[in-house]
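Chain nomenclature is as follows: A, B and C, assigned in order of appearance, with residue numbering initiated at 1 for each chain independently.
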Amino acid sequence: MAKSGILKRWADKYGIVIKVQRFDYAASLDAFVGKNIDACTMTNMEALDMPAAAGVDSTALIIGDYSNGNDAILARNNLTLAQLPGKRIMLVQKTVSEYLLERAMDLNGLGTQIPQLRLMNTSDSDLVGAFLGNKSNQIAVTWKPLVSQIVNSDQSVKSLFDSSKIPAEILDLLVVRTDVLKRSDGSGIRFAKAISGAWYETVAQLAGAGSASDQAIAGSAAASGDSVVSYREQLRTTYLYSTAKSAAEFSEGPAIKQKMDLVRQFCFRHQLLGQNIASVNDVAILYPDGTVQGKSDRVRLRIDSSYMRMAEKGRL
Amino acid sequence: MVLAAARLAEIAAFEQTLESPIEIALHNVTVSYPLSSSGHRTVLSDLNLEIRAGEFVVVLGETGCGKSTLLRLVLGQEFPTSGSIDVDGKRVTRIDSRCGYVPQKYSLFPDRTMIQNVMYGPENANTGWLGRILPSFQRFRRDLRLEVEQQLLRMGLRSTDLHKYPHQLSGGMQQRVAIAQALMMKPPVLLMDEAFSALDPTTRSSLQQQLRDIWQESRPTILFVTHNTSEALLLGTRLILLGAHQEESNRTNVLLDMQLPKFDDTITVRKQSMEFQQLREYVKKMAYGSSTSPEDFALAQEIYERRERA
Amino acid sequence: MAAIPILGKIVDVQSRPQKLWTQSLSWVLFLVGIFTYTQFSIARHKENPEDRVVPSSAQLLQGLKASFLEPAEEDDALDPSAGITQRLAHSMLWKDTVSSSRRFFIAIALLVPAILLGLHMAVFPYAEALFLRFGLFFDKIVALSLLPILFIVFGIDEWSKIMLMVIGVGPTMMLDTYNIAKAVPREQVVKAFTLKSSNADVAYRVILKQIMPQVINGLRLNLKPLALFLFAGEMIVSTDGLAYRIGIMRRHMGMDIIIPYLLWVAVLLFGVDALLKFANRRLHPWF
């Protein structure tokens, strides 16, 4: 988006400067919570864990997509989900991987066995090598492109469950600090408009066909250090809210509330909302229609559909 | 004056007879090292030497003349480029217990007390690693400890010093213990490499006397290296003076190899004797060639003045 | 005017501060640190009372209690009537300490062969010829980059982490011991041989005995790199351990747990160092 000049155009239109900085995922979250950066892309789970639970009021401006198979549980030797308890599972703990695993167990009637799962926290940079290198590592939960790397290298590894079975539960959001959005000089609002405009223009290119789309895909793949083939593979299992309309509708509908509730319950159970948080309602989420999940005096995460609606109506 | 003294020395009689066996023998020994730049540095060349049992041989010379190399050859620490060395009838191929060794410093084990240092050798000789558990070894150790205590006390250590570590005592004490350590093994040959050179004059004299007394008692063959002329003349029965190796010749420059006169008195007395001073002058002259050193001149003056007064 | 003589005293090499001064000055920086931290924490909490990045003392206290008394989240909850000792034994901190320490001390035990190798290299010329060049080279390999290989060879369990520590610190200990042993004056070795020592006597009874205090001091210096490798391994793949917990807590900014853990690790390392120093003093009174 930044490379193709789309962002600059939109930023100039609103008279602001948008600086894009590349971070490692975890580092970007740290920077966002530390207020060193104003906006960040993250999953809905991280939006709850990190800024919201740390008391940094944040607003999700754009719901970009949800993982529709990008995250998967992989196992060797034809293991089934029922056989997982007691065996060692390699994954990055306290992330969407652990969430995926628990949801998988729940949906298959194995929810009571969740405490019997033996989780081994493995950093994503070493997971592929460690899993493939040793046949005694039987189960791993991770995301693409690592999933693709593993499955392509070892035919005996099968996917037991993936995020396509829990649609719209792992969302990718563009989140901005609420105090930045509410800046008195209006620059926050201008930023919101600029980024939304730029976003939907780019997404239209990616989702479309033809040479412009290929160019866009190549550019994005290069920017994330991936090959075009691998990037396309990830796109295939990502449900992109390619129109502002679809994104806005989802954000205002009942489904998102139900999904977010599942996520926040998970976060609370695992003390991801904070060591001293007494109840799940202490980190509350505000929805576009005004309903609040949790205590209304403790809203920390806001879903704002207004900019997506503006993009839909072309009023950006 | 000087020549007379030399003749005196040469015909002086001493206790050693010419029938005692040859203890140390060097046959055509050459030691040379290749230099990093081209060429060689020859330290000793074609040296032949025979030392009989019971001799107290002092090897004298300036730094670099090869005296330490000579000692190391006998010890087994260094190998000749050509030639061979025999000690006690057998060829020298490695360092072993045929020779006792007293270096200038670092001679004691720092992690053992004085007594333990001296006990080290006899314990090793008595038994290997496994035998140490046996009660017979413990008995041996008890007896040995008493013997060592007595020996060290005789040599001048105080009873409080016995259980101290080397770094806690003076250089003189350390060297005494080092000598005791070597002699405990009753080796046929005792090698001393500038053993007293790091000590102050008083301690030095005291140790020189002690060494002489020890030699009188048990008559080991001693090879004593030093660069101090007085010390050499005070201690030895035979003097070997080495000069620096000359490029042209292919023989080691043995400037002197002479028997020293027998002295019955103590070191302090001997030092003041006329004979001694004349000898020293002579040796120094030989060492420096025909040129006179300021020391030489001063000594000559002193002797002359004393003669005048007498 | 009175300031100038004091200033003069501070920059004087020959000055002899009174005991009161030396004692109180040595605590000043601690107080400065705590003070700065508190100011920071208060400032952040004014903006955002739930801030977790710079925890307040109340939060820290909570964190301490949670570490010491609460079990790890992957374990079962305690019987609420359990006594204090039971709670301590079952706590998160204890579990992590035990698993990290086990790896740490096993690695130290495995350093002993490295030390012995260094000794032999210094004493036996053939050993030196065989091992020195390769040892110098191997020392320069950054152990962390070998981690993927270690995972394949040793699996992702304990042994890959222990071997990471051993491969990281072993060459250093070996070369250090080599240098220390080489520095033993040659005269003692020669003397030992004249006193009827065998080769084994010289290596173990003369040289090894002497260098032990220096080797132990070398080990003390290497405790930090050892801990570093342990932490690297634990943060990458683990189910438990001090660094594992810190890594997990980091993921959701649990500084109220991380800071107590850090201080605890410092205390542990300090303890091990002090223990080694004490042992050195006792065993080697001559040093």
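We adopt the following convention: contacts are C-beta pairs under 8 Å (C-beta built on N, C-alpha and C of every residue); 3 or more make two chains touch, one makes a residue touch a chain.
Values in this document were obtained by computation on a predicted structure and should not be read as measured data.
The set of chains in contact with chain A as well as chain C is empty.
Chains joined by the most contact pairs: A-C.
Taking the mean of C-alpha positions as each chain's centre, the chain lying farthest from the centre of chain C is B.
Between chain A and chain C, the centres computed from C-alpha atoms are 38 Å apart. Measuring from the averaged C-alpha position of chain A to that of chain B gives a distance of 87 Å.
With centres defined as mean CA coordinates, chain C is found 51 Å away from chain B.
The residues of chain C lying in touch with chain B in their complex are 185, 187-188, 190-198, 200-201, 206, 209-210, 284-286. Considering their complex, residues 48-53, 59, 62-63, 66, 73-74, 76, 147-148, 151-152, 155-156, 235-239, 244, 247-248, 250-254, 256-257 of chain C touch chain A.
Those residues of chain A lying in contact with chain C across their complex are 26, 30, 33-34, 49-50, 53-56, 88, 90, 93-95, 115, 118-123, 125-126, 129-130, 133-134, 136-137, 270-272, 274-276. Touching chain C in their complex are the following residues of chain B: 75, 77, 94-97, 99-101, 103, 105-111, 120-121, 124-125, 128-129, 165, 167, 178, 181-182, 185, 187.
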